[in-house]
Amino acid sequence: MPAFTTHNSSPAQRVKDLRTRSHRRPRRAIAVLAVAVLAVFLMRVLLGSYTVTFPDFLTILQGGTVEGARGARFIVMEDKLPRAVLGLLVGMAFGASGAIFQLLLRNPLASPDVIGISTGASLGAVLGIVYWGATGFSLSIFAVVFSLLIAVGIMALSSGRGNVGHRFILMGIGVSALAGSIINYLISRMNLNSASSAALWMTGSLSSANWDRISILLLVLAVIVPFVVVLHSRLHAIAVGEELAHSLGLNVAITRWIFIVLGVLLAAVATAATGPIAFVAFVSGPIARRLIGGAHSLTASALVGAFIVLLADFIASNYIASGSMPVGVLTGVFGAPILIWLLVRAQKEAG
Amino acid sequence: MLTLLLLFGLAVVASVLIGTRTIGVGVFADFLLKRPVPDMEAAIIDQRLVRTLWAATIGAALALAGAGMQGVTRNPLGDPGILGVNSGAAFAVVFGIAFLGMESPASFAILAFVGAAVTSVLVYALASIGRDGATPVKLALMGAAISAGLGSFTSAFILQFSDALDSLRMWQLGTVAGASMENFFPGIFMLIAGALILVFSSKTINNFALGDDMAASLGENVALKRFIIFIGITLLCGTATSMTGPIAFLGLMAPHALRALVGPDYRLIIPLSAVFGAVLLMVADTVGRVIMPPEEVQVGVTMVLVGVPVFLYLVRFQKAVDL
Amino acid sequence: MKTAQHRQLTLNNVSLGYGAKTIVKDLSLEIPAGQMTAIIGANGCGKSTLLRGISKLLKPENGEILLDGKSIHSYPSKEFARTVGLLPQAPIAPDGITVADLVSRGRFPYQGLFKRNSAEDDEAVAWALQATHTMDLAEKQVTELSGGQRQRVWIAMALAQETDILLLDEPTTYLDLAHQVELLDLLCELNEERGTTMVMVLHELNLAARAAHHLVAMRDGVIESAGTPAEVMTSENLRSIFGLRASVHDPADDGSIVIVPDAREGRR
């Protein structure tokens, strides 16, 4: 404290300084995360089994061709770059969505994977595969429509008096079990090929990345993200408890519904694009909180999500023997130990 | 109480009579009274009786495990699944198929039990790190983390080995259709052991409901008792899963429903859960035989189909539930 | 420091409840502006429910609650939040938040969708921290604080809201006697200096009598007695409202009364 008792500064100035100081660590952490995401993005595009130099990459981006490697343009523009961009976008969407639910429902288990949003998307996709032979884009539509339907259903069932948040989680878990069981049944009745592609889709993969898909995702995110940015201070205002938030002049019920819808939409469009990439939404929030010093941050969580997906995809496509391992396997395989480690560390600190 | 026993009787009779081929009440009565019945019918009744015995046993075991779990974690969402039992069992089965060349249902049972037990011990051990031991929140978080991680490995294997996918997708539905007396016997002893642990612990669980500190001041050795109950839970659900494949939701729902009916006393909830769980699983199995003729729907699926609406109803109309 | 305006808070035949269960029944009450009012009563008598009604958390089933003659439900929520503040019984400290940040949350009703903390906000927060003697804690995490410190920080947050009326639901729960006295003295000081109208639910009768200008005693959802502490705290009232056998003393003969429960039977 003494370091800060500068006698000539007014108390208000001191409050301002204190606030700046308390935001310094989160800001720094976010800056570092952003750099890390950029680095792993470039790594995904430039390095790996087919390497491209940075000058060549710029040339390709500007529409030129690289001397002596005519295929480079195709590999970068049609494979490596779209995968990286899609990974970046869905990683951020999953990360932000998970953080929204965890903060809103004040429960670390309340990520879209747990409360039925991802299972809903999977059910839509599996139904699409079985009954309409859906692939690619139409598969995405099925996934979005179903996860939204399920989310709206859970919302309608859980609305009313009392603790909506808890009811939402409980109902989500129930509906998730129902959808999961229907999926398992459908998969048991498909031919093995369809079952394989359903299982692949449900693991989450960037292999279907292309510019059409990216532009659709970008378009949808361009609608959703401004809402999240403008309204996110309200989400944080809820964190002091319902009664106090209400007495601060916040309409708690409406704010809660808005963020449930935003969180569902983020998770649903990301799931539609790549399948439910395991664990990203679940771990991004807690990891981001550890990094920035305990507080919740949607930005940090989104960046952690992007980092995890990009790194996992880089490893999956370059260092796993078969070369076709979907990114969702890796995010789970690496995400779980990280989360477990974080939990154990937190337990030791508390103990 | 009486209603529950009546329901139990009805469920047994229905489970024997109803199916792809319906048995008349008269024929069943003749069979019970050792009067002659046609061979065909006798064979069906024999098979259905075994199957009913399985369904009742597994249902009771899972509901008991669920009641124990909810009591010891003080969490109405407590479910043996939290300890990672199902994901551990699935992982072990897939691993066995992919790398150990196992193929028979009997070997699946062993794999599933080992996987379930190892996983739940791991979850418990990791959650125990820290001063206050395996608290409910830590158990739930650790279980979710480990389950999800194992799920990813399972995905990795089934995407690489299509025969693993083929076996897993059948196994993970959960069914009592393959019931036989030979396969019943090794498991039933473990189930009885687990059930005894839980029944004799019901007073302790009541004390746990008051909080760890209060339980300790009532003279419970909290860490030790929690571990013993946890062993009971693992025996019950690990064995049940190995016998039928994963049957979700029963463990969550049966004690939940009973708490709404008989109140918070675990000395009632625990034994009644067993009866109620048995009824639920027999009904679900019977429904599964007739819901989509001529095919049978596996009991793991119908259990969820029946269970989720009931669960949603409870959440909707019960008083505030704490997480 | 912005001084508080005197606002008239009036309840006319108000009934409040949850679903089919009516808890506060046909209650009329005038809150004296610029004074400290304490609501007392046995557990479950509707004290907290009344406070929830006044803070718009609960809509009256019947009757109306007026602020300066206008129904409180006709005020826009942020304007109302700049006029009436509530400190609930169990507020939740968000994860990983510092004291300065938490107190700044009290400025929410003054901030628009895009507006960040202004100089005016900083002034208000600084004043709130100083008034509650928590400036030295400003940099700490809320989770590191002791119970008494934490409660002062919550009061600071409510003060930063700069409302004319402040509602407090059992602000002294979980505090030891010394901290209870300290906290109530702090509230009295703020009331004197700034003129904030305070309405608080209190359990400890002696402390309520010591801190409040005006007492409202409730039983079964209705007001049994209201007035100065000396008027309300009579042994007859204590018996009828709380079922408490006690004598009331005025040692200094200046209206500062002390309640002494009767000795146990057989110990006289």
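Odds and ends about this structure:
The letters A, B and C name the chains in turn, as written, and every chain counts its residues from 1.
In this section, a contact is a pair of C-beta atoms (placed from the backbone, for glycine too) under 8 Å apart; a residue touches a chain by one contact, two chains touch by 3 or more.
Protein identities per chain, from UniProt: B = Iron ABC transporter permease.
Model, not experiment: these values are computed from the prediction.
Centrality by Cα centroid goes to chain A. With chains reduced to the mean position of their C-alpha atoms, the one farthest from subunit A is C. The mean-CA centres of subunit A and subunit C are about 43 angstrom from one another, to the nearest whole unit. Centre-to-centre separation of subunit A and subunit B, using mean CA positions: 33 Å. Put simply, the C-alpha centre of subunit B and that of subunit C have 51 angstrom between them.
In subunit C, no position touches at least two other chains. Contact residues on subunit B toward subunit A in their complex (touch as defined above): 77, 126-127, 129-132, 138, 140-142, 144-146, 148-153, 155-156, 158-160, 162, 165-166, 169-170, 172-173, 248-249, 297-298, 300-301, 303-305, 307-308, 311-312, 315-316, 320-323. Residues 107-109, 113-114, 157-158, 162-163, 166-167, 169-171, 173-175, 177-178, 180-182, 184-185, 187-188, 192, 195-196, 199-200, 202-203, 278-279, 282, 322, 325-326, 328-333, 335-337, 339-340, 343-344, 347-348, 350-351 of subunit A are the ones touching subunit B in the complex. By the touch criterion stated above, subunit C contacts subunit A in their complex at residues 18-19, 52, 55-57, 77-82, 84-88, 90-98, 100-102, 104-106, 108-109, 111, 113-114, 117, 119, 122-123, 125-127, 129-130, 135-136, 138-139, 141, 161, 167. The residues of subunit A lying in touch with subunit C in their complex are 1, 4, 10-16, 18-19, 21-22, 106, 161, 230-231, 233, 236-237, 239-241, 243-244, 246-251, 289, 292-296.
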